[in-house]
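There are two complexes below, and they share chain A, which is joined by chain B in the first and by chain C in the second.
So, the complex of A and B:
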C-alpha cells in the first residue's frame, strides 16, 4: 500500500477530473492534506495478513442470480420519467453537445 | 385523532431543531384529515416519496420529486400511516453529526448546542422532541443507531436485506439498510413488522419469511447469553460516564437472569479503515449518476463534460466531494488491489469475528458510541476524528448483522447514553427481546428533553 506521501496534489487533481469535479487551488491543498491523513490511518490494514483470505463483497454471501419471468409489466410513463428533466425535447432528455 | 396537534408541535419546536425540512403536500387539509393514534411518521430525506421533494440534503437534487414511492413508503401508506414530512440528514448520509446537510445542521433536543448524531439526525431529533412517535432512517455505518443513542431513543438496524431498499437513494449498496427510530422497543417491533419482507424490486432483499416481531416483546432474559467483547471497552478513548452506564446496564441484565460471556472480536480495530475504503468506493460509483442529465440541478455549459463538471462542482457539498475523491482514488488504476481488495479481505475477517462470537453467545452488548453528543462544529473540520466516532457501529454493517441502540443512561450534564445490542443475521427477535426486557426494568426511555 502506498505511504501517505504518495497522495500529492497532482493525484488529487487527477482523481477530481475522474470524478467530474472542479477543485479550486485551496480545495486541492485542503483535500490533499485531509486525504493523506485519512489514508495514513487506513494504512493500518497493512498489518493484517490476508494472504489466504477471500474477499467479501456481499455481507451475507447468500445471493444467487435473481431472475424474473420475461413478461411485460406496467412501468412508469414517459411523462412521469421526464417530469424531472432539466431539459427535454419530445420524449427525450436534452443535453449539451457530446461531440464538438 | 387529528393531524393538527402534530403540526402545532412542529411549529413550536422545528425552528429550534431544523429536524424537518419539508412538510408534505397535505398541509392545509389538516383540520379535516383524521389519522390513527400513533401512526404518524417522519421520513429521512433519502427515501423516495412520490411527488414530494426528496433531496438527500443535497443541492444536487434540488427540485427533484420522485415519480414513484419507495417500497417502505408504499407499505406505510397501505398500513394507514400519515407521513409527517421529510427529515434532515447529512448530505447523502455522509456524516455522523447532521451538519453536512445543505439545509443547515439539525440540533439535539437535549442540548441545542450539540449535534443530534447522524446521518439520520433529523429523524432522531423529530422523535426525541415529541414531534412524531416514530421515524424511518437508514444505516450504512451507524446512521440509525448513533443518532438514536445521542438523542435518547430506540434505533434499529435490521439484518442486511431484511427491508427492501427500492426507492432508498443508494450510498453504499453492500452496507445500506432502512430501519425504525422510535421512542420505545414496542413501536420498533411494530414498525419493523410493517416495513420488512422480500421485494422483487430489490434483488438483495431476503427471500425469507418475516416473523411477527411483536411476539418477541417478552419481559424475560433468563439464560440468554450476553457476549461482552473486550475490544469495545478500550482503556482511554472512551467517555467515563458512557463506560459506567454500559457496565451498569450489563449488571442490570445479569440481575434479570442473563448470563454474561466474555468474548473477543479481535479485528475490531480494523473496522473503521475497512469501512472508509468500502463505503466511499461504493458511494463514488453510486453518485456518478448525479450529473445534471436527467433530474435535479443542472449548471449549463456548451459541452456535456463541462456541464457534468459544473453541475457536480456546484451541487455536492465538501464532505460529499471528499468521499467521492477518496472512493475514486481507492478504485482507480494502480490502487484497487492495495485498497479496495485489501478492505474486502479485512471485511471477511471482521465477519468471521462475529460468526465465531455467536457460537458462544446469543447477543453482544456494547456501547453505541464512545462519547455522548459532541458540540456543533467540534469535529466538522477534522474528518478523521468524525469518522472515528462511528467505531462501535461500523462493524455490524460490514458483517450485515442486525443491531439496536436503546437508552441506558444520562451523563451528569443530562445527555443521553445508548446501549448497543447485536445479534446474528436474521435474529432481530433476540435483540427485541433483550431490549424490551431492559426497557421494562428501567426508566431511561421515559425521560424527555425540555424543549
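So, the complex of A and C:
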C-alpha cells in the first residue's frame, strides 16, 4: 500500500509544540489520523518517475533575477506602525519578556 | 593545556553597506528613532511582498568571490521559522540548502606561517529587530528598525587551532570586507558580529570533541579572550574526568567568563521551506568573470606589493595594509616624501595612537598625506626636531593646517645659528659652575647635563648636535 502513511503520537505532539498549540488527548489521536491521511495523499507524488526532472525551486518557472534598485523609500510613521501593536511603551512595541 | 588541541570555527554576520533594506525601501541608517524605519514588508503585514535589493546581492557575490567561493548555480531563499518577537513575520528570510556560495577559503598569516581557513558557506539573510528587556517587569520593548537590514553570514570550517588564529581570521576577513567596500565592519554598532564554535581534544585525537557555541563577543579582544577562557574551561572539565556539554554560552565581558545561555537539549527545528515570494537567481559564468576582474587589490596582494616595492618588512607591510585607508594614505604620502620606512613608523606609531584615542579613522580626520610629508620634510631638513614634530601632530589633526604654518606661528623652528645659541649657552654655563668643574675633573656626563639645560631653556628648539659641539669646544678651551 504505497499511499498509506502512519504518524506516531510523538510526532504530532512535536508538531503541536512547534506551532505553540495545546492538544487534548483526543485531538492528538484525531490529528494523528488526519495528518497520516494528508501525507498519504501527498505521497502519491512519489509514484511519479522524476529521474529526469530538475527540482522546482519556484512555481514561476521562468521568472528569475528580479531586483529593486537600492533606493530609500518613505517608511511608515511610528504612529501608524504602532497602531498594530498589542501594547506600546513610547515608540516601542511592548511584549511579555520571552526567554528563548 | 599543552596536551590538548583547540578547535575553532567562526560564524560571522556582516551588515552589507546599502542605503535601503534587503527586501524593502526602508532606510538602513543607524540610530534612527525607534520604529521609524519600517514598512508593510519588513513588518510582515499581510499582502506585502519582498523584492531583493540588487546592491545587497552584488555585495554578497563580490564577497563570495573574494573569499574564493563557488557561486551556486541556482540561488534561492528559504523561510526559517521560529517564535521569537524579534521578527514580526515569525520567520526569517534566509538561505538553507542552496546558499549563495560555498567551498571557499581565506589565507591567514599568523606567527609567520600561512594557513588556509576553509569557508563552508556564504549566504544572504535579513537581520532581526532589537529587543530591550526589562526583567523587573517581565517585559520586552521592540524596535523593528533593524528588521530587514541585509546580512551576509560567512561560516568557516573548524580550521583554527588557537584563539590568536581565530582573531587573525576575523581581522583578515574584516580587512577584505573593507577593501571591497561592502561593509563598514563596525563591531560596536553591530555591523560585524561573530559567533564561535569551540571544542578541545587530546593532542593526536582524530575526532572532534563536544563543542560549545559562544555568542556576544563585540570586539576582537573579546573574541580572543572568550575563546581562551572557554578552551581552558573545557580542558579543565576533561582533566577532572567530566565531559563538555553541547550548549550555547554568552561571553560576559565584565566578569571575563563565559556563561550558560541554553543547552541544546531540544535542538531547534526551524522547518525551513522555500520562500515562495522571492524568485530564484542565477549569475552566469560571464558575469562571474566580470565581477572577479573588477575586484580591487586585496590586503594580501597589497602587502606583498608593499614589501617588494617599498622594501618594507612583513610586519610593517601587514600593519599598513590591514586598513585600506591607512594603506592609501601611505601611498599618497610616498608620492610626496620618498622614505617608506619613516612614513610607516609614523603611521603605525603616533598617528595610530591618535586615531585609537579618538576612535576614528584617518579618512574622517583633517590630517592629510601632504601634512605628513611636510612634517617629515621639516624633520629631514632639521627645521624641527622629532620631538617637536610629535608635539604638534595632534594640532595638525585638530586644525587640518600645514605643519610649516604651525611651526612658523608658534616659533618652533629649530635654532641652528651658533650666534643665537651663544647667549643661552653663556647663561647655562654661568648658572652651572659645578658642572664645569665636574667636567674638567673628567666627568663626561656633565656635558650631557649642560646640553639638557640648553634644550630646556630653548623649549626643545635648539639643535642638540650644534649645542653639543659648541659646549664641548667651550669647555675644552677652558670656557
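Simple rule for what comes next: the second predicted complex is superposed on the first by the 93 of 100 C-alpha atoms of A that agree within 3 Å, B and C clash if a C-alpha of one lies under 4 Å from a C-alpha of the other, contacts with A are read in each partner's own complex, and residues count from 1 in each chain.
Following the convention adopted for this analysis, a residue touches a chain if its C-beta (ideal position, glycine included) is under 8 Å from a C-beta of that chain, and two chains touch if they have at least 3 such contacts.
Note that the structure is a prediction, hence the values are computed from the model and not measured.
S.K.: Quick check on the superposed pair: does A:66 touch chain B, chain C, both, or neither? Answer first, second, both or neither.
M.R.: both
S.K.: After lining up the shared chain so the two structures overlap, which partner does A:58 touch, if you call chain B first and chain C second: first, second, both or neither?
M.R.: Both chain B and chain C are touched by A:58.
S.K.: After lining up the shared chain so the two structures overlap, which partner does A:81 touch, if you call chain B first and chain C second: first, second, both or neither?
M.R.: Both partners.
S.K.: Could you say whether A:35 touches chain B, chain C, both of them, or neither, answering first, second, both or neither?
M.R.: First partner only, chain B.
S.K.: A:98 contacts which: chain B (first), chain C (second), both, neither?
M.R.: After superposing on A, A:98 lies in contact with both chain B and chain C.
S.K.: Tell me which of chain B and chain C touches more residues of chain A.
M.R.: Chain A has more residues touched by B than by the other partner.
S.K.: Identify the overlap between the chain B-contacting and the chain C-contacting residues of chain A.
M.R.: Residues 18, 20, 57-60, 63, 66, 68, 76, 81, 84, 93, 95-98, 100, which sit in both footprints.
S.K.: Enumerate the contact residues on chain B facing chain A in the complex.
M.R.: Interface residues on chain B, with respect to chain A: 63-65, 67-68, 159-161, 174-175, 200, 203-204, 206, 267, 269-270, 272-274, 276-277, 284, 291-298, 300-310, 312-313, 316, 321-322, 324-326, 328-329, 332, 335, 338-339, 341-349, 351, 383-384, 387, 397-400, 425.
S.K.: For the complex, which residues does chain C have touching chain A?
M.R.: 18-20, 24-27, 33-40, 43, 45, 51-57, 74, 76, 81, 83-85, 98, 132-135, 137-144, 262, 269, 271, 274, 276, 278-282
S.K.: If we count contacts the way the header does, which residues on chain A are in touch with chain C in the complex?
M.R.: Residue positions touching the partner: 14, 18, 20, 57-60, 63-78, 81-82, 84, 89-98, 100.
S.K.: Applying the document's contact rule, which stretches of chain A touch chain B when the two form their complex?
M.R.: Residue positions touching the partner: 1-2, 7, 11-12, 15-16, 18-23, 27, 31, 34-35, 37-38, 41-48, 50, 53-60, 62-63, 66, 68, 76, 80-81, 83-87, 93, 95-98, 100.
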